[in-house]
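Read the structure below first, then the notes.
Order as written gives the chain letters A, B, C and D; numbering starts at 1 within each chain.
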Amino acid sequence: MLGIKGKDLTLLCVVAVLALCAPFILNPFPQSSAMAQFNAGYPDLMQRFVIFGIFAVGFNILFGLTGYLSFGHAAFLGVGSYSAVWMFKLLSMNVIPAIILSVIVAGLFALVIGFVSLRRSGIYFSILTLAFAQMSFNLAYSVLTPITNGETGLQLSLDDPRIFGTSVSDTGGIPVTSLFGMEMRETSTLSLGDWSFQFSNGYYLCAVLLLVSFYISIRIFRSPFGLMLRAVKSNQTRLNYTGLNTRPYTLAAFVISGMYAGLAGGLLASMDPLAGAERMQWTASGEVVLMTILGGAGTLIGPVLGAGFIKYFENIFSKINDNVLHQWFGGLPEGLENAVVWFTEHFVGSGWNLTLGLLFMLVVTFLPGGLVEGGTRIGRLIRGKSKRAEKKAAQSKPAE
Amino acid sequence: MGILEVKNVNKRFGGLQALGDVNLSVAENSVHAIIGPNGAGKSTLLNCLVGKLIPDTGSVMFDGQSVLGRTPYEINQMGISRVFQTPEIFGDLTVMENMLIPCFARRDGSFKLNAIRSVEGQADIHDKAEAMLVDMNMADKRHMHAASMSRGDKRRLEIGMCLAQEPRLLLLDEPTAGMARADTNNTIDLLKQIKEERNITIVIIEHDMHVVFSLAQRITVLAQGSPLVEDTPDKIKGHPKVREAYLGESTPA
Amino acid sequence: MSKLLTRRGLLKSGAVGGAGLALPTIFTASSASAFTNEPTGGTVTLGFNVPQSGPYADEGADELRAYELAVEHLNGEGDGGMLNTFSSKALGGNGIMGKKVAYVTGDTQTKSDAARASAKSMIEKDGAIMITGGSSSGVAVAVQGLCQEAGVIFMAGLTHSNDTTGKDKKANGFRHFFNAYMSAAALAPVLEKLYGSDRAAYHLTADYTWGWTQQESIQAATEAIGWRTVNNVLTPLAATDFSSYIAPVLNSGADVLVLNHYGGNMVNSLTNAVQFGLREKQVNGKNFEIVVPLYSELMAKGAGQNIKGIVGSQNWDWKLGDEGTAAFVKSFGTKYGFPPSQAAQTCYAQTMLYADAVERAGSFNPCAVGEALAGFEFDGLGNGKTLYRADDHQCFKDVLVVKGAEDPQDEFHLVEIVEVTPVAQVTYDPEHPMFAGGALGECNPGA
Amino acid sequence: MEAILLQVLNGLDKGSAYALIALGLTLIFGTLGVVNFAHGALFMIGAFCAVTVQKVLTLSKITLDPVKTDFLGNPLQIKTPYVEGWFGPEFGAALIDWSVPLAILFAIPIMLVIGVVMERGLIKHFYRRPHADQILVTFGLAIVLQELIKHYFGANQIATPAPDVFRGSFDFGAMMGMDPNVVIYPYWRLVYFAFAAVIIGAVFAFLQFTTFGMVVRAGMADRETVGLLGINIDKRFTIMFGLAAAVAGMAGVMYAPINSPNYHIGMDFLVLSFVVVVVGGMGSLPGAVLAGFLLGILESFASMNEIKSLIPGIDQIIIYLAAIIILLTRPRGLMGRKGVMED
């Protein structure tokens, strides 16, 4: 089906089911329970999961396959966002032209940066991409403010000269982004007893695009092009002496992953029409690197898992304050309650970064293949089969 | 006129004359060996043939076309394949995938954005790779990680990958270096078989005289960057200058 | 947290998504409520969105302390703080309109993106009816825009850029903090008094929107008292070492250095300037002076000894003698052991003002609340008589000119008040060129 | 002319900071091949050694003032540092005043231990892992260290002044016969420059002239061969890690008076130090130092008003622009070795 089969097809179906049912899956706890804090099934976060999933899937096409570690991919996401917002300002509130433009602009930007950076490999390549992205960020924050609106970020205003559509909506506000009249922010709520599930148009647009992106990524992984990219990672000398020119292959991978980043940026802007310069900072580029490695570089599903993992901690753990903790541990004796709260406070609220840092270390130390490996191990445990020998053979890295 | 014509090639590295006025003519469909002591310039010469090094002066013509100024992949696309001293294969990929790559390179040229159709879906390439694996006697290893194979198998795979490109000239850089005797013999047999079954010119650089004398039709002896003699194996064996310079025997007084 | 059975995100209309799903339960059509996150249970949820990571985390922590105190007071716990001195008596210590006040917190990371994400989660997930907090103008403008679209009220925290209530003003957004223009208007007469009217100023300006608006304001105000502006040099946000910007100052003919920096930039540039010994130098026969237009307690702490004698402006200071300030300092100091910062006071006041406006409007509807706040005159929240101007939702009140203390008695006395500039002197026309170009637009209740 | 001289001075000073940080990083990253994202955190911990020493020295005995009151109306607490009680007010005050230089003595052993523990406990297991894994684990470590510091010292910057004698600046211009105040430079920055020169010199001498250094240099060039000689290169690499941490830490201590440190100061320097090391060329210590000074001087020149008015915003990007140009014209940076971290 769809030109893919076996495990890949299963994987795509699993991702499809997960993505479509996310509003249920991410809201497992009843509203009134103390655990409701851990629910992640609200539109903004679900959109972020999916959008950063797309970003990471694209990054993985470059990094996972060719091994070229770009430290400047956030620049493409940022450029995508800016293009999309400009499209909303100038053309129309329909998300389609905005997303198309953001993919194209990010692709062109990636073509230029990739063309220059790919003249070097290894760490030299990483630093070149980093340098380009940092230049973009610094300029966007300061000198380019007329285009980027600098510190605040580019946003819509009431006097945008929109060619198709109005500058001001009927209610006197700024028009909202839509897909042929279907508003992106529109959300329906389903209440089932103490549970309530939110279905947002925007989320479903993102989810569909994630599936498309994921599908394309599978096709690329399984194509001769994907094979060549893996060959680039494995042995460039042999590739050259097999009559293949590595540069166009790596450049194509770079541009494709830049376009994925542009798509993610365009979607971010479509869900919430604001493009901030921080999106291009090195920390943002570093984040997608971390997502990919954390999930499992070079695997299909890993980057999506990594993206979800990091965004979950950023958005859910940072919101747990001592007030919440006292509610949770209110049943304990006073002294113990305070001790537990004091201890837990290190890891939540303003300490969410600490938890994330510790988890990075734990995952990479004990699960060398990232979260995907964790999944495989659990799967093996469940099936109860010891495939250790087989696994070892498959994993052993080349000695030379 | 041979298929490979090297004329007056000079190459200096700083103060060292690595190659001095090398002339070489390799006849089509022959096996030509280049021997010489360490530092004689064998590898430098080979690197000049494949575009890794550019000679200071002189010309290298392959089938009437100059290879100078072309990159390794362009020269390869002209029909020259190279086997390295240490097998250069795609260690992270399976044996089958290793074999697929040259097949694609043969069909699609140096770059093609073939990103949608799956590898499995391209039956012509698949069959060709499969056939080559069978030829190389490696079909049972097709799902193995290339890096986890023995040195001899890696060499066999590398040669197979070169052949899959259907080159007109195959360059072998000490193909049996570091191999056990059994592997060496297997490699010799394989090369003999290739010589018999395929229309292909082979240039081989080798230390192991056993290998050289069992394969080569002509031998060039390099010493200190320049050709000492060129002749048939039998003549070379008895040549006094060669014995002195290379085989390390002093000429009887 | 709030125990609402149904919550809605940024919704507009009917149950489009659910039409196809034949489920045996109710899809709550969003039109059921009149505005976003209408509180239906016994609690009302406020969203406190402050920096918890990044360089402003301490400022964020102080804001959060103030919010927690405000919630206590609103719910009738503690000593009531400024509730007792507030000129409006609508609040009775029984929550807001009888509903107990609950709150959620989030981390802005001082990034527009992260701040918006955090605010969105408060609105979509936790059902927050009002968002407040923040420690930079970029964040304030970004979150204000979001609240406008989502249909909730935004009560800005610390934001000093003219744009927040200038070209980026929004009907749903309100600012209690003062702005760059007001700083300049308050500072100029004091500077004239202290340093004379024949001065040449050299500006170092953080190269982003807030820095520019402050520089523009200060330049205009100082030139009006006869100063010359020798140069204005933009410095990168990421700069940590300002030596190469400061080194040429002495030789430029300027005798005053104006540092249009905030936070880490300000601490570093001031430290660097003092290191260069600028303050001991004589130029044009006058003592060289340094001015830091926007001060904060935390920055003063970070710069340590270097702030001695340096003049700047503040929105509020705990050493003000009025009744409201005293009450606030007492309840804050008793609870936390140190006096509140100006960020804390602004955040506390904003929460009180919001709650009071709801009570007076008799509704949580943002439009009703906005109407109650617009043009509202009050006293007793620490800044004396204050007006929430209807034209741009900016508070007008006295502005403090302060100076780094020469010999502080303890770490809480790092700055001393030089002058309290009366509100009349810092008031400007809503159409002033520095604020022109935006429009409040219509208030948006969301639904 | 004066302006140029001034910016050369500035550049040398900035450069010495960059060079010092890059030197430590290149010992780990350029030679051991470990991508150490925690290097900035080591610098930061060094700076907090200075903060800690200052805090310890100012630990105070509290007495109540009979007259004055604090902000809540309670009697004012007067703090007298214990050191002033023990050693007399004068010597005690001098000790506090000199807390930053004193912190160097304190920082060296601490940083050595931190470096060694870090290598033995964590990094050791990652030598043979892909660089990506190294990035993840060291980045995680950096966050953890940073958050711990934030938890105990707060997020705000903490003023750590240099001793009083180094206040103010030296007038180079006057010395060279120019007008006074034209070319001035703060004393503490001159100290920093001299300090950096000494440390850099010491590290080079150590690697050049000791047997230990010889083995390490050989090991950097070819780890396996040295291992075959029966020399335990791993142990020496551990010590190298400690050394690198100590260099980073000392750089941090001495930097504290220039910019009041906060928990984030390491991250601010991290990216920059990577750029410096790579521009210098992987595996080359002299390269890292050279690149540090070069980028420092370029950055200073770019911030000159004359140049800024020519190309607005050039000071925002100069380091990155220079890095790009250098890496495109010199494939392995200024002095990089072939084959180090090129794949």
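Basically, a residue touches a chain if its C-beta (ideal position, glycine included) is under 8 Å from a C-beta of that chain, and two chains touch if they have at least 3 such contacts.
In UniProt terms the chains read A, D = Branched-chain amino acid ABC transporter permease; B = ATP-binding cassette domain-containing protein; C = ABC transporter substrate-binding protein.
Just so it is clear, the structure is predicted and the values come from calculations on it, not from any experiment.
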| item | value |
| --- | --- |
| Maximum inter-chain contact count - chain pair | A-C |
| Identity of the chain that, by mean CA position, is farthest from chain D | B |
| Mean-CA-position distance for chain D and chain A (Å) | 34 |
| Rounded Å distance, chain B centre to chain C centre (Cα mean) | 74 |
| For chain B paired with chain D, centre-to-centre distance based on mean C-alpha positions, whole Å | 52 |
| Geometric centre distance via CA averages, chain D-chain C, whole Å | 35 |
| Shared-contact residues (touching 2 or more other chains) in chain D | 313, 316 |
| Where chain A touches two or more other chains at once, by residue number | 138, 142-143, 353 |
| Residue numbers of chain C (touch at least two other chains) | 53, 57, 61, 207, 234, 236, 238 |
| Set of all touching chain pairs, with the criterion as stated earlier | A-B, A-C, A-D, C-D |
| Touching residues on chain D, where the partner in the complex is chain A | 35, 122, 125, 129, 131-133, 135-137, 139-144, 146-148, 151, 271, 274-275, 278-279, 282, 312-313, 316-317, 320-321, 323-324, 327-328, 331-333, 341-343 |
| In the complex with chain A, residue positions of chain C that touch it | 1, 3-18, 21, 23, 25-28, 30, 52-53, 57, 60-61, 64, 68, 103-107, 111-114, 116-118, 120-121, 124-125, 136-138, 141-142, 145-146, 148-149, 163, 168, 207-210, 234, 236-238, 438-439, 441-442, 444 |
| Partner chain D, residues of chain C touching it in the complex | 53-59, 61, 207, 231, 233-236, 238, 240-241, 243-245, 247-248, 250-251, 264, 267-268, 271-272, 275-277, 280-281, 283, 298, 301-306, 318-319, 329-330, 333-334, 338-339, 409-410, 412 |
| Of all residues in chain A, those that touch chain D in their complex | 63, 67, 69, 116, 119-124, 127-128, 130-132, 134-135, 138-139, 142-143, 236, 282, 286, 289-290, 293-294, 297, 346, 351, 353-354, 356-361, 363-365, 368 |
| Footprint of chain C on chain D - complex, ascending | 2-3, 6-7, 9-11, 13-14, 17, 68, 70-72, 76-77, 79, 150, 154-161, 167-169, 181-182, 184-186, 188-189, 257-260, 262, 264-265, 268-269, 299-300, 303-305, 308, 313, 315-316 |
